[in-house]
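In what follows, chain A forms one complex with chain B and a second complex with chain C.
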Partner chain A sequence: MAGAAARATHSAGNHITERQDLMRERQLREAAIQEVGDEAVGPSCQRSGRYGAIARTIARRMPFEVALALPAQLTVLAVVLVPTLVVLWLSVTSWQPTQGIPWYKAEVVWLSNFVDLVQDADFVSAVLRTVFIVVLSAAVELFLAIGLALLFMEDWAWRRLAVSAIIIPMMIVPVDAANAFYMLFNDQGPLNYILSLLIGRTVQIDWLGDVHLALVPIILCEIWQWTPLMFLLMLTGLMNLPENQIRAAAVLGASPRRVFMRVILPLLMPVILLSLIVRSIEIFKLFDPVYIMTQGGPGNATETISMYMYHGAFMFFRMGYMAAAALMVLVVVITISAMLARPLMRH
Partner chain B sequence: MVPRLEVRNLRKSFGDSTVVRDLSLSLAKGEFLSLLGPSGCGKSTTLSMIAGFIAADAGEVLIDGKSVKDLPPQRRGVGLVFQDYAVFSRLTVADNLAFALEIKRVPRRERRRRVEDFANLLGLAGMLNRRGASLSMSEMQRVALARVLIGEPQILLLDEPMSNLDALLRANLRTELKQIQTGLGQSVLYVTHDQAEALSMSDRIAVMRDGELLQVGSPEEIYRRPCSRFVAEFIGDPPINLIQCEVHRDGVQLVASTVRHRGLLLGSGQADSGSYLLAVRPHDVAVSREPVAGSAPAVVRFIENFGAEHVLHIDYGGELIRATVAPGFADVEEIVHVSFGCGSVGLIDLGTERLIEVEPAEDRARVSRVQAQVGE
Partner chain C sequence: MPSTRRFGLGWVKTFVVLTAMVIALFPVFWLVSTAFKPYNEWQAWPPVWVSRQPTLQNYRIVFFPELAQKFAANEKGNLSYKVSGSAWKAFADSAIISGFATFFSVVFGTLAAYSIVRFGIGGTTYPFQFLTVRMFPPIAVVVPMVVLFSALRLSDTLTGLILAYTAFTLPFSIWMIRSFIEETPEELEGVAMVHGMGRLQVFLTITLPLVRGGILATALFIFILNWSEFLFALTLGGSKVVTVTVQVANYVSASSGKLYGVQAAMGTISTIPVLLLGYLIQRHLVRGLTFGAVKR
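Right after this comes the complex of A and B.
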């Protein structure tokens, strides 16, 4: 910078001055670099003044890679670890914000929240219902995704366009998708209308108001929106399979079905397991469609675990109790993931 | 007799480039035929068309006299060993071997017996329970071979099956593969770019270049009477010497002059007087320490040591030619005397690059007389 400035102002006579300037600048820079050491040779070491001194001290005391990771680590600490610790604390209290005492002065009830939860029919049924939704949706999504991906293995006209079309649902805001399904499944909605046309008789199924049917639109919405993700994972998985193993099976006389069952499926297993883990964790947190379509109703027929906790925490303000519920759910999710992850590690 | 496999005027293009042009071949029952050529000459594409992975643009593939145009790979009755072996990595060796038998619904006991037979044949007995992914390259190659052979295919197609193995293993497997093939009476089409493999195993060799078949013949024919400059240069290790020469026709006899030799008697052949390339195998270059009739002195520039034999790189009028000699025959920068024997050379036409065969001179007496004149 100084050199450039000097060059801009320099006239025919002060050529030597300019060179001296440049040399002095270089000397200063080298001195600074030596002082800081090998690890930090960033712009901070050229900075002068108090902040420069602080930066140099940090650079001297802290390995470079630690300095790089630190901001991310601190963020994670703030948004994950601290809330987790707060939840751990709250789970052994009976704190409710409406009591008027600060959360850190809450009354400790030790494990009674957990004892109550295990006996809480609403909680247990919400967990079971959620597990049911997870298993059903993930299985259907996987099945559809593999089927679709197999169709897309070979090249055909409009293939690229079709892939783009298939992945559109994934890009829609979940709340909007849920809203669309809410409209579709309305008892005066288009779905009933189409069914009426097909059957020739007026159909008025109250999808969202029926205790036995209300889960259907919710699960369908979830499947519709997230099968594309599964499809993309399966398609990349299939595309990356060793082609010659598939060809070898074919020359050995295997029917396409056998090639799929004996060669493709075993090779695809790591991808399948991984996508099942990712999707299971996602579906376990199912909230948006339930909130938009049924709010957990009718009764609590569609109350997923997230919905249950939302009600408990933000409508009944039972923070301590819900903290305990959240911890138990966390344990369930980790257990399921670990169960799926174990075979993945073997691969 | 109907050939096991016949390929008629096969043609394939990808976009603008024609990979295989009007290729015709036939493979007799129990024959070992090598398709030999440099990488990218269309050998593997030909194999894929025979196996049925790629459809040909034109031409026919016949197996036992019947066109297999409409048959998928599953139903062509060919066995294929891939260059990367394509062992089913998630299955055990035993399951890999039993794969074809399962499809044919061979009873379990019979299946186990045959798996064991072929495992013994290919030295896989100790590793039947290992998974495909845990095998070494040479083990995979054996598994791939056994897996195909166990299904008793009518034709065995091998796509550069040795290119992933190290040299020692390759040499061992060559003989082993040949023995197994002879033992089972398999018809084999073997694709390779390694002329040593082709020469050592084949009944016949088909040399390919740029999608075209150049020459088909026994290893002996291909080595002794290559049809063109390309085949001559491609076959043989160390490579053939090509020496500029002027040929003069003297009655039926051809007499050549090179930079170092004058009046070199070649024999009789269908060539006019003019410029040619003299093709001499390094083994046919006679080198002696003392001058002999018809020899020319030359300096050894470089020696390649192959243990049992040395290859001398001899400065022959500015160009280096190779000659095979016994170890310790000569040192670098030493002067040796070079001559080419009558009947062991060929002439290559500079225009067409075709090889003109030269028959040894019948008149032995005259040969020695002329050679005596040449020796100065």
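Right after this comes the complex of A and C.
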């Protein structure tokens, strides 16, 4: 304020001294900030004025580690917590965007959405179907991966080339992989042709159009795409095993099968558990191949939870009802993850 | 590490490995092969393995959709469809969204990871709340996000998708970079502090250069995730903002179903960036997809 007063006393004509004054003022202010600000003060201290002062105070009071975690935390809160609150509200309403009422004025129906959901055969079967896909795919992926990884424990000439080829599926954009499988399983596609050659008569099965078969290409696509990841995980786990234990067991006369069951498998267990958890979580969200290959059809033979909710929200516009479904799924996921957090932390 | 080095594997093992390789490669081969097939070979019986009249027609339709109408006339009315949007726009949208979202995710993730490793912020359970984000099925969050985004005028905008992608890849960047920072020696920072460096300076000049490679690997990994994402792009974008994955799903016509060749053409070029980056960070893929838990 002293600078402003000094500026007022100068005549308007003297531009040079005025500029010098301004510069001196700025230097003084910066020096003052340097004195006040401690090491935790970020770049915000360069700003001046009232908001600058507030920012400075916050920056000075806020510990360094909190400032570091803040951007990530705020982003997650904005995109997870706020929508969760909206879900809480919508789940007790019957809101549909087609009604022409804004969502915050929607009619409250309390818990009737949840009562309906539990009795909704489509929802229940979508949940069961998803769980079935998760269990089957994760189990098959694990068995194939362990079997394959055991072959790669020794070093042989074209080992690296083989690894590069086997992991190619996980490098493909999932939507494109789903398209490839859509073509392979076409009624006039190459898979039916190969089957025809093997059997000796023309096979033209409409895999994706058959209620009983439509899940097969979807599950196979999932297994094809993500067994390579499981394989890499198992291979990494096997390579990190203490080799002398395995060799000692072999020297002591244990058969390869016994070595695997008694030594390798127990040592590999942490990696196996972790892989199963990670894969199960991902398969539970299954959407892309279903959307590309069948859109949940025929009928709802391939409808997973994600597909069911997509239909409900974006084709039937039952937002309130789907919010209730989302909430139920979220509660289940949070409960399971809270249960898993402890054993995960131990490893 | 492997103890014995042999040339051969034995017949049975060789057969198993070769079979696995063929199964892994065959769908990719079919995608590439279909991309060069003319219309009459898309669904021929017996199937055409490698086209006898290879064509670039599908790629032309992908990049210059206005040609599609002319193409339809050539096929004696068998195939009448409108192709909306060109691949150029899809590539631009995907590049912008994936690029910015990756940048924010990695910057925020690095800061948070440093805070977690060196200051143990929030205790041992704190990092797990970020993992929870990844456990949510995206569709459960999409329903309220669609409502919120339209209220905030973010639906069908680049900004909206960048925000969503940033949040949903943060668990990966935090956990992956955390595992890299954990591998750096803490003593070095102590020495620098004794020499009078501030905490921010220590972070920027000592720790950051040490984990530069790890951060780059994380960034590429997250770029792959963003580029391949489909559900958010479909529901939060879709008409004004079209990513490559949504564009792939768009090549469907009412009269003749999926446009196999065109879809395959778009498929091959949309997957090439992911393929290249994937092999580039092959060593780190396992670490990324297990949130830093399994290391090579």
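Here is the rule we go by: the second predicted complex is superposed on the first by the 274 of 347 C-alpha atoms of A that agree within 3 Å, B and C clash if a C-alpha of one lies under 4 Å from a C-alpha of the other, contacts with A are read in each partner's own complex, and residues count from 1 in each chain.
By our rule, a residue touches a chain if its C-beta (ideal position, glycine included) is under 8 Å from a C-beta of that chain, and two chains touch if they have at least 3 such contacts.
Keep in mind the model is a prediction, meaning the values are calculated, not measured.
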Simultaneous placement of chain C and chain B on chain A, clash or fit: fit
First (chain B), second (chain C), both or neither touched by A:M322: second
Which superposed partner A:N244 touches (first chain B, second chain C, both, neither): first
Partner chain in contact with A:V263 - chain B first, chain C second, else both or neither: first
Touched partner set for A:L274, first chain B, second chain C, both or neither: second
Contacts of A:S255 with chain B and chain C, given as first, second, both or neither: first
First, second, both or neither for A:A180, with chain B first and chain C second: second
Dominant toucher of chain A (residue count), chain B or chain C: C
Overlay on shared chain A, then closest C-alpha pair between chain B and chain C (Å): 8
Intersection of chain A interface sets (partners chain B, chain C): 247
Residues of chain B defined as touching chain A within the complex: 51-53, 72-76, 78-80, 82, 84-91, 99-100, 103-104, 144, 147-148, 151
Residues of chain A that touch chain C when the two form their complex: 39-40, 42, 63-66, 68-69, 71-73, 75-76, 78-80, 82-84, 86-87, 90, 103, 148, 151, 153-157, 162, 164-177, 179-184, 186, 188-190, 193, 204, 224, 228-229, 232-233, 236-237, 239, 243, 247, 271, 274-275, 278, 281, 284-285, 287-288, 291-292, 305-306, 309-310, 313-314, 319, 322-323, 325-327, 329-330, 333-334, 336-337, 341, 344-345, 347
List of chain A residues in touch with chain B within their complex: 242, 244-245, 247-255, 258, 262-263, 266-267, 269
Contact footprint of chain A on chain C as seen in their complex: 1-9, 13, 16-17, 20-21, 23-28, 30-31, 34, 43-47, 49, 104, 107-109, 111-112, 114-116, 118-119, 121-122, 124-125, 128-148, 151, 163-164, 166-168, 170, 174, 198-200, 227-228, 230-231, 234-235, 244-245, 248-249, 258, 260, 263-264, 267-268, 270-271, 274-275, 278-279, 282, 285-286, 289-291, 293-296
